[in-house]
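Two complexes follow with subunit A in common, the first pairing it with subunit B and the second with subunit C.
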Partner chain A sequence: MSSPAKAEGSGPSVALEPELEPVPEPAKGETTLEGRSPGQLMWQRFKRDRTGVVCAATVILYFVIALAAPLLTKLSGTDPYTLYGQDPTYQDSPVLDDFGLPLGYFGGLSGSHWFGVEPQYGRDVFAMLVYGMRTSLFMAVGITVLMMVTGIVLGLIGGYFGGRTDYWIGRVTDFFLAFPQQLFFIAFMPVVTAFFVDPREETPTYLRAVAMLIVLWLLGWMGMARLVRSTVLSLREREFVEAAKVSGASPWRIVRKEILPNVVTPILVQFTYTLPSTILTIAFLSFAGVGFVEPTPDWGRLFANGAKYTEQDPAFLFFPGLALVIFVLAFNLLGDSVRDAFDPKSGR
Partner chain B sequence: MLQFIIRRTVGAVVTLFLIGAVTFFLFVAAPSDYASLACGKDCSPQRLEDIRQALGLNLPITQQFWDFMSGIFVGRDFPTGHCTAPCLGQSFYSGEMVWSTIMDRFPTTLTLTAGGAVVFLVVGVGAGMIAAYRRGSVVDKVATSASMVLSSFQIYLLGPIVLWIFVYSTGWMENPGYVPITQDPWGWFVGMLLPTLVMATIFTAQYTRMARSSMIEQLAEEHVRTARAKGMSRKYVFFRYAWRGALIPIVTVLGIDLSSMLGGAVVTELTFSLQGIGRLAVDGAIHKDLPMTMGVMLFGAFFILIFNILTDIAYAWIDPRVRLS
Partner chain C sequence: MSDNLTLPAPQGTSGTPADALLEVKGLTKHFPIYGGFPIKRRVGAVQAVDGIDLTVGVGESVGLVGESGCGKSTTGRLITRLLEPTAGSITYAGQDITHASRRQIAPVRSEIQMIFQDPYSSLNPRQTVGSIIKSPMEVNGIEPEGGREKKVRELLELVGLNPEHYNRFPHEFSGGQRQRIGVARALALNPKLIVADEPVSALDVSIQAQVVNLLQEVQRELGIAFLFIAHDLAVVRHFSQRVAVMYLGKVVEVGDRESIYNRPRHPYTHALLSAVPEVGVDSEAADRERIRLSGDVPSPIHPPSGCRFRTRCWKAQDKCATEEPPLVQLSGNGDGHLTACHFPEDPTTGSRGDDIVMDPALMAMEEGDTPEA
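And now, the complex of A and B:
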């Protein structure tokens, strides 16, 4: 974990890393000392890390693909809902054989179905994948931000005010940590859904998303709260906070201006680790059958279907699986790079 | 030590009670009537009333909660028969006693957990330690990159691939399934081999990465340097001093992993169609089976709390400076 000391002394650390940037040769008799913010230092270190840059580009590419899903499917001329194998409109170009298995090689790859088709229904895998990524990625971003904000606020309050407030926030955190996470997610999806909609009626997709958001949020903020609390605890005793206090700054101002900037580093590092795990949790819910259901395109649902089709059509899983492995790999490596960029001492 | 265990046990019992209460009241007091949840989409008012009667949902909620909680200690009587303590109630869906169903399914999950743990502790931690010992060597590079890639895989992805290779396409193995070890030890081993190995592979990769980085951190510690400066050999320092400290983060994660696996290795069980605790939880949730869900939740929470205490005791055992207070 990075220490706040780095965040303060930007001047000397430049001198420590002369290779960082060619410092212009000081003119005769005068030295130029340039101050850099911790953010700038981090950015410079990150830029030199080739793995980190490639992974960041990959991750951004995924988000662009997710964002541009409607555009991409327009290019391929398919959509995630049409049953190309059953719809009579597409009778002229059959994609499935008599057993409901894709025609052609490797799960029915063709010019119109780039990643093949789903057995039985003949839905387009490419369209389902890009739309599924869209669902997963954007939900995950929303949920992760929500979890982070909750954790940061509770951690700041507990760490800064201490005493009884801190004690009770700590107990509540412990209590939430004692819940079996996976079981809780599975068990409470139907319950939370029931809060919004009569169980005898069909649940609209957006309500499923809201239910997932609530369930994941409830059990997702504790790690962040603990991290922020421990960082704030050590910051609280430092001279610059005391100085601010003595000069009459309000608690709100101290938290905002003195403490928060110093907690940004661990928060950012934690964020790059939490986001992929949230995506995997959403996929897990759909895989277990309590998340998104047919016909909403979702990454996790593709794997649930893939597991069903493995025996007849193993190729179905190839592209969704490859996309997931690359994505998680890139994100994990990116997390390590971000951590290293903030904290040059941490060797891997 | 004894005082520590007593205090933590009391805390664990209180937490279990609270978890039970939260689960129960969220389920029962949810604005949607619980009976209609259990009744499903096409439900006549008459059938709804019958269900309410049968489930005892006409009683006050506090009464229902008391019945449930006291049943754990003294047992309960149901119209269909007596349920001995520890009684977690009777399934709304199948009508079976929750506790006996859980005990029925538990061996599957236990096999997965224990078998997986042996593999990922021996292979994963071992590989990580060797990689740290020979840092920068070919062994290290292979271990690091292999674990990086493998830990990006998911069980629901690796599982079907392995099934296809070993079962569907080549027919080398039967479809995985659980056979009690007392009945047929060989069948038990073969039946659980693929699921256990697939689950263990993912965890092995994570433990390799963790063990390596934690060991490297330890080797940079001052007490290690002092020992080396005193003239002890690298090997001696490594195996006498450094690994002890490196165990602390591993034990922390191990406690969390084991407790969550024992409460149901959901993904592995679903991928390989095994009937374990995790499967029970999913079925309970899908059928809106309150007693079953409650039972599985409490069962899972029980392991989490037990392993929390065990982890703290392990800290004190690994590092004598840690005081249990």
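And now, the complex of A and C:
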């Protein structure tokens, strides 16, 4: 082999990002050269983004709180279903005055009710909030994952196979996009529930959850499908896909090994944007009265109740509202940071 | 051309190879154009490749040249079966693979490989160099002696890269190094034929020479046949034993290197060769003929009738518009030197009495200059 070739290929490291801190090479006798994958580079960039790290910590904290809701309520000694204002067991320590408004300052803050109590019933706001977050977050994660998977599968199929397949998947996507979403959420929820349960009987909570899942899923996968399709369309024409075809790879292998790793970035970014908006949608459904109902603790239901009480007891809305604002803000900023980490060229 | 003497036996310099590895007959690719509303129907076709015949012998390297958009790359993609031919036949080692499905073609798949033009898009950015080179072996279930990883390291060494780069990612390499990785991937399956689609045109000139030399070494040492697609005549001259010249989806002239470069007959080949800038002392340079064509290649949607080059040819007559010239061996041509022209040029590249300048703007400019000179 010619000597310039050797010289070209023998440098210790080529084209590393100059802005990154050097990675400590393993200081063994024989130096192992190991490249950093785009994923590792992304992780390094992400770690240096302080906003992103703080937001990621916040988001993780929310999930931990939601998971540990039973533990937290054990700590506070309250639970979301007990009516502390009406239950005769708690007559010794009244939380409501004669008008049904919380005793004490700022919605009845006290050692036993950390975030105050609800007017009229006297339920503990802290317990309702952590359990409500639990409901909302788990619902949102479930719905978002379903939406993502559907969108990814349909987008991959449409984008990779193209032609007639793509045409029909595209038309179905357009059809679903044409629905006025908010109206259909409200209009369809009772319809879907009626599929499972006689309207005259009471609907079990899990059925309400399933109905919400179905409605939000059916009306929410289109954005993901469009995004994945367009990414795959451009990837499909890249020469490395042709190289895989020339080597005889099956379409399934090409999709799995060549294309899917390259669409992970937009999928992850889209996920971090979709999840908080799904939480808001679920809250909106409960607020509009078609989501979860009494007595299931739910974030959105807290707002629905808060709207009722806001004239007498504005403090009731403070903690649930603050929690939601912080969460959505942190998740959206996290989405931005993830995008920046994946694509260092997109400056701010 | 002293290189020829060092070539191994099967790659004789004669135009017709003794043992044909790949035989292409009447290969045609028309890309349909759809239009109309509301019901789309076929309104025409881009005749990218229109009935070309080509033969590649065992261990032979054939160059395919022509200007942009003449169907060179389409031909390469048809042969590697990335595109479905509209008509014609492709025969590889006696087996018809023209319309073979993925499963049917599987046995010979590993023997026909491709090197791509753009080293930046031909390597998957999410895979390590090791897995890029390894994946063709995985697909074909090849288990080399000592394991796939060992084979990959050998291949990396063969193409002049450090085997330690096994675990690196493509973005850590320069263009030339990436193209070497592409070569290593093509070699992973021990192919018998490599279609190289402009393998060096995306690289800078100093790297081009390295990669071409690498390919040449590979070709000689491993006896791999090459279909070398390029628009750089100098590179093709350096690399190929036989050369086919394409114009607007047709082969207009084919022959061994010597014939094409020193005794071309087709006017288009003359024009193409005369367009190559040559460095030399003035007196030397003046020896070459000077032909400057005007305009662009006509649209492949509505190619000219008869001879496709006639719209830009200085020798065109009525016959050229009505009758398509066959690709035949003209009197005075060497063995296997075929030309498709009714009125061929003299077999020389030497200077003629006066320059042929078809471009009116250039002509006007030069006429203005003359009196002052």
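Just so it is clear, the second predicted complex is superposed on the first by the 320 of 348 C-alpha atoms of A that agree within 3 Å, B and C clash if a C-alpha of one lies under 4 Å from a C-alpha of the other, contacts with A are read in each partner's own complex, and residues count from 1 in each chain.
In this text, a residue touches a chain if its C-beta (ideal position, glycine included) is under 8 Å from a C-beta of that chain, and two chains touch if they have at least 3 such contacts.
Remember, it's a predicted structure, so these values are computed and weren't measured experimentally.
**Q** Using the superposition on chain A described above, determine whether A:239 touches subunit B (first), subunit C (second), both, or neither.
**A** In the superposition, A:239 touches subunit C alone.
**Q** Tell me which partner A:181 touches in the superposition: subunit B (first), subunit C (second), both or neither.
**A** Only subunit B; A:181 stays clear of subunit C.
**Q** Under the stated touch criterion, which partner chain does A:290 make contact with: subunit B (first), subunit C (second), both, or neither?
**A** Touch partner of A:290: subunit B, not subunit C.
**Q** Contacts for A:94 in the overlay, against subunit B (first) and subunit C (second): which applies, first, second, both or neither?
**A** Once the two structures are laid over each other on A, A:94 reaches no partner at all.
**Q** Kindly classify A:258 by the partners it touches after superposition: subunit B alone (first), subunit C alone (second), both, or neither?
**A** second
**Q** Of subunit B and subunit C, which one touches more residues of subunit A?
**A** The partner making contact with more of subunit A's residues is B.
**Q** With both complexes superposed on chain A, which partner does A:280 reach: first (subunit B), second (subunit C), both or neither?
**A** Touch partner of A:280: subunit B, not subunit C.
**Q** With both complexes superposed on chain A, which partner does A:250 reach: first (subunit B), second (subunit C), both or neither?
**A** In the superposition, A:250 contacts subunit C only.
**Q** Please write out, lowest number first, the residues of subunit A touched by both subunit B and subunit C across the two complexes.
**A** Overlap of subunit B and subunit C footprints on subunit A: empty.
**Q** Spell out the part of subunit A that touches subunit C in their complex, as residue ranges.
**A** Its residues touching subunit C are 1-2, 4-6, 8-10, 13-16, 32-38, 238-240, 242-250, 253, 257-258, 261-262.
**Q** Which of the residues in subunit A come into contact with subunit B in the complex?
**A** 174-175, 177-184, 186-191, 194-195, 198-201, 280, 283-284, 287-290, 303-304, 306-307, 310-311, 314, 317, 321, 324-326, 328-329, 332-333, 347-348
**Q** Using the touch rule from the top, collect the residues of subunit B that touch subunit A in their complex.
**A** Going by the criterion above, the answer is residues 15, 18-19, 23, 26-27, 30-32, 36-37, 39-43, 148-149, 151-154, 156-157, 159-161, 163-164, 168-169, 213, 216, 220, 259-260, 263-264, 266-267, 270-271, 278, 281-282, 284-286, 288, 293, 296-297, 300-301, 303-305, 308.
**Q** Which of the residues in subunit C end up touching subunit A in this complex?
**A** Spelled out, the residues of subunit C in touch with subunit A are 77, 80, 82, 102, 105-106, 109-110, 112-114, 116-118, 121-129, 132, 135-136, 139-140, 158-162, 164-165, 167-169, 171-174, 176-177, 180, 182, 185, 189, 210, 213-214, 217.
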